[in-house]
Amino acid sequence: MSMKNYAVLAQDHVKVDSLEKVMGTAKFAADYKMPDMLYGGVFRSTVPHAYVKKLNMEKARALPGVACVLDHTAIPGKNRFGIIFKDEPCLVDDKVRRYGDAIAVVAAETPELVHEALGLIEVEYEELEAISTFERAMEEDSPKVHGNTNVNVTKHLEYGNVDEAWEKCDVIVENTYSTHILSHMFIEPDAGIAYLDEQGIMNVIVSTQNPHYDRNEVAAMLGVPQNRVRVKQAVTGGGFGGKLDISVQLHCALMALYTKRPVKMVRSRSESTMVSSKRHPVTMKCKTGATKDGKLVAVDCYMTCDAGAYSSYAPAVIGRAPVHIVGPYECPNVRCHAVFAYTNNPMCGAFRGFGVPQAAVCHEGQMNALAKALNMSPLEIRMINAHHVGSVIPTGQELTESVGFLDTLTQARDKAAEVMPEALDRLMKTEEGGL
Amino acid sequence: MNKITVHCTVNHKPVAVEIDPNKRLLDMLREDLNLTSVKEGCSEGECGACTVIFNGEPVTSCCVLAGQAEGADIITLEGVSVDGKPDVVQQAFMDAGAVQCGFCTPGMILTAEALLAKNPAPTEEEVKQAMSGNLCRCTGYAKIVEAVLLAAERARGGV
Amino acid sequence: MKPFDFYAPTTVDEALELMHKYQDSVSVIAGGTDLVLELNEYKATPAVVIDLKKIKELNYIRVEDGVFRIGAMATHASLAADQAVKEKVRILHDATRQVGSPQIRNLGTIGGNIAQSSVAGDGLAACVTLNADVTLRSVRGTRTMSINDFLAGEGAQKRNILAADELLTEISFPVPDTKHTATAFYKLAKRKSLAISVIGGGMVVTVDDNGVCTHASMRGGALGRYPMHFADCEALLVGKKLSYAAMLETLPIMHDQILEANRSRPWSVFYKKEGAQGVFKKLFADILGQLGIEEVQE
Amino acid sequence: MKRRGTGVGCMFYGVGNTGLPNPAAAFVQVLPDTSVHVTVGAADIGQGSSTMAASVAAETLGLNYEDIHVVWADTMYAPEGGATSASRQTFITGNAVKNACQTAMGELKRTASEELNVPEEDLVFRKREIYSNKDASVRMTYPELMAAMGKKGRLAVGAGYYNPKTTYLSPVDMSGVPYELYSYATCILEVEVDTDTGEVSLLKAVSAHDVGTPIGIKLVEGQIEGGTAMGTGFVISEKIDVDPKTLAIKNPTLSKYIIETSMDVPVVYPIVVSSEGEAGPFGAKGVGEPALIPSIPATIAAINDAIGSSFTSTPIFPADIVKAWKEQQKTQG
């Protein structure tokens, strides 16, 4: 590492939040307690796709100790939110689009009473066909999850001339890659507390990765100016992208508005995992060509994804994955066509990497396949194609600084030679001779 | 349901808590005694965030009813620090960079305290074993294991 | 949690009186690692909860007249740490030291594991492989029976013979003669800690002075409702000179038995049958090593 | 039988949102006693964005890390921070803090220049001291400077923001400048596969990350170690199961969704690689997501290397491994 002589950087300092965390005084959202505080809970759908025909909240409302039971009619402002497309309801107003959609909310004096009240709410559904695959979503006669198409978002990247490039290739490899749906499993389940302060400002203290976005959504839902809402991030127990969407913010604020009392919501592990976003499962059909020297000539990838019931960060994932589909390698001809669909599956969203982990499964698989076909070592083919200052990526952008890729390759190799020499030997060998 | 009174020692002080029997030790510590360092991450004894030292042994307080604490000696993270200052394990967690989101930290530190009380010079493997009931999603455990070894070394007067 | 009344008796007799009084409306806490979760999720809704932790007379591990006697309230941690168990009964040592996590092992008890009779109970699989005896007590009396008979019975919970007012108090089995008998347990799971067994394989083998197998017990936990009994495999070994090759010959039989038993679960049977053979290969190597018969290279 | 395999995984990662504006801001004030308030919108979720903000402020202002107090992620007081996502806070909030500090330094420099009689451009602010880069003996302490500021009725305050230099991408072919800078990484990872049971043991992983300039070494290492573990789990243990009928998640608990314990993770050797650049604060780039990515393809490749399989899909569970191994034995036998 050659670096400037920094006074503070590139050294170790005790993190600013460490002391309170090791002392146990750090306040996570569930740790807040306020006088007169209520506990909140959500009545959720147990079907994936249905119209709500009847909703009976009277028995729950009649339970002593229950402060409010609210459905979508209680929302004073907008009942649609979402980081990019506003397609998710705070409380279901037209139809249920996934298992676990929020239909009603309850605030009561104790968590036990919340549980009991939720059990008293009655709902009647008119069930619709549930779309559970990308393929079914794309069929013309399939029911539509939103609007009149199940196409959530598409992207097309085109660079160079892919169709003409294949004849310049000495070797072409073609494979289909797929990744699965995963959960962030941040250790702290979602939680938050909302209250109106003495100035009438709605305060929301919440476990979140994006307080300013939360503020805007709470203000829109309440129909008040953004400066009448304060969102304060509680100490947050991990996120990994899973706390970028709205969790309890809107429900807490809505009930605090109606009851004029602080309302705390703490999701159980199951509820948290059930309704927070998931990693997009992506299928990538990819054709890659190279010269006999191992230089990449062309990449063509068709990418599809079942993004689940709501859009969340899908437009961000589908924007990022094509740009990264070749990996950190030079390639003069690239095409990537991507289609993400709405289904009634669990909602996918932001998860550490935004589609690049999925793309990496594809581009690294293809590099290994090429190495095998060309009888080169996996390290060698990567070095031959590595980005450097002056390389151009498939959007036409030239890289002008800070491209340390080759250094990561050589430094990883050298460290491996030291700590895992036999393992590195296997990597340096070509495929010849096989196993 | 008849309320019960639980007499126990919490963080070196005797307490008597009148409580409904359908509460867990976790609830009693957090709600009745306001010891909110005890975290609830999974409610099934899996993540270890609610770990407390119970009669000298680390246990997950979500798997214990409040009534079972009768007569017990219980330590939470609030009872670890010395005169409001971090003890050797807490300091080592800070110095080793073992704290990220911090939600697993209380359980991690208590498990480490219980380990070091019995085994002041654990091997790396023993530390990994001892900490294997505390899930962490941020650190990959490397710096946590490092912190426990560092604390052991410092406690023995090494550094 | 639904409301309930809570009792923490300090003697077995006191506990039995309470169980007799409240019968079906009682839930008993041995370790709590299952019951407290069920209570919390409203899956168990008893009117009365009886905690056994305060009953000191149920917490022991001792050897008496060549018999291991283990109190129901002995924790997994205490069994895993017990020197006699480690030296003489590797199967129980290896099963209990891998239950859940350190925290769970400090709470969970062998009696609870057996009384719960869950599909993937490691302590249960080990005790079944050992063909241990269990002692049950109620105000009506005491009965001792083999653990297999215990599991075969239909009591209050349907999962074993225990009546509503009956308490499992002791597990016992003869101390193995480690010169001639070896025991082993292998836990195949999805991770190295905090894991539920995918397969918990247990094996006990006795040989005579000539190395001929005189007794074999082979069980596979989590392969069925109760630890699967590979009786035909055992029969094939008994009377043979023990060797890795001889032991490997049992695997096709095991394969077919698992395939047959899991026909209704086609999605899991492939791995169960292949994985079980992998598990038993490790057990064979372990047993042969303990008896000093053969070093098996993996 | 136990077989070992090695895999390599590489990646690059554009820091910040893709071809979209995504600014973040910061406020700073140096108080009369030289302690500092830095206020940022960035949500710190434990990864260390606030520690980063304190470090960048201290480096820029010429103060010590301990002098800085950071307030974060309270919309009542803190300016827009944007999301803690896309590995963007070190780059974007870091630059915002640097810009805010530089604004605050306008008055500090003017005052120091007057007091020391040194042109502003020759002044060095470092570790609580201000001196001339021509003659280091011409110097004053920060408290002396703040006293002078007080006498002259000047305040050291600044607001700053930063928006990455990107362009919107073409709707036709996605051409344009999607990100201002990119992080790079390489991971080499070794596994041991039990062909009888399909169990995978993660042995060692070397993961080298070009972060431009590391703000803090342990901060970067912690990201790499955690990311590497999460990436291996991505391949061999984690999976959400969805009920085919209700489309509900069947395993929403930590007992059924399997993340790694301290006994499962590989031994990770993190390598912090630096590279030269001007875009990030002092050349720093993001590492949060890059930390995760390369161990995913490296794990797949290592398993394929160990048993000669050609897995192209995740997850790879023990049953898949046993099946692949058996099939391969069949074709070879």
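By written order: A, B, C and D. Residues from 1 in each chain.
Heads up, the rule we're going with is that contacts are C-beta pairs under 8 Å (C-beta built on N, C-alpha and C of every residue); 3 or more make two chains touch, one makes a residue touch a chain.
Since the structure is predicted, the reported quantities are computational estimates derived from the model, not experimental observations.
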{"item": "Third chains touching both subunit C and subunit A", "value": "B, D"}
{"item": "Chain centroid nearest the full-protein CA centroid", "value": "A"}
{"item": "Pair joined by more contacting C-beta pairs (B-D or B-C)", "value": "B-C"}
{"item": "Between subunit C and subunit B, distance of the C-alpha-averaged centres to the nearest whole Å", "value": "30"}
{"item": "Mean-CA-position distance for subunit D and subunit C (Å)", "value": "47"}
{"item": "Centroid spacing, where centroids are CA-atom means, of subunit A and subunit D in whole angstrom", "value": "17"}
{"item": "Per-residue overlap in subunit A, given as positions that touch at least 2 other chains", "value": "12, 15, 17, 112, 185, 236-240, 269"}
{"item": "Touching two or more other chains - residue numbers and ranges from subunit B", "value": "22, 41-44, 46-47, 97, 99-102, 129, 132-138"}
{"item": "Where subunit D touches two or more other chains, by residue", "value": "45-46, 48, 218-219, 227, 230, 253-255, 259, 261-263"}
{"item": "Touch list for subunit A against partner subunit D, complex", "value": "1-4, 6-13, 15-17, 46-48, 83, 98-100, 130, 132, 155-159, 175-183, 185, 208-213, 215, 229-233, 236-241, 243-244, 269-274, 278, 316, 319-320, 322-324, 327-328, 344-346, 350, 352-354, 356-357, 360-361, 363-365, 367-368, 378-379, 382, 387, 394-397, 399, 401-405, 407-409, 411-413, 415-416, 419-420, 422-424, 426-427, 434-435"}
{"item": "Contact footprint of subunit B on subunit C as seen in their complex", "value": "1-6, 8, 29, 31-33, 36-37, 39-41, 49, 51, 53-54, 77, 100-104, 106-107, 192-194"}
{"item": "Partner subunit C, residues of subunit D touching it in the complex", "value": "1-2, 194, 196-199, 237, 255, 258, 260-264, 318-319, 322-323, 326"}
{"item": "Partner subunit A, residues of subunit D touching it in the complex", "value": "4-14, 17-19, 41, 43-46, 48, 50-51, 54-56, 58-59, 62, 64-65, 70, 72-76, 80-86, 126-127, 169, 172-179, 181-182, 184-188, 190, 203-204, 206-210, 212-219, 227, 230-231, 234, 238-240, 242-244, 246-249, 252-254, 257, 259, 269, 271-280, 282-285, 288-289, 292-294, 296-298, 300-301, 304-305, 308, 312-315"}
{"item": "Touching residues (chain side subunit C, partner subunit D) in the complex", "value": "101, 188, 190-196, 198, 270-271, 274-275, 277-279, 281-282, 298"}
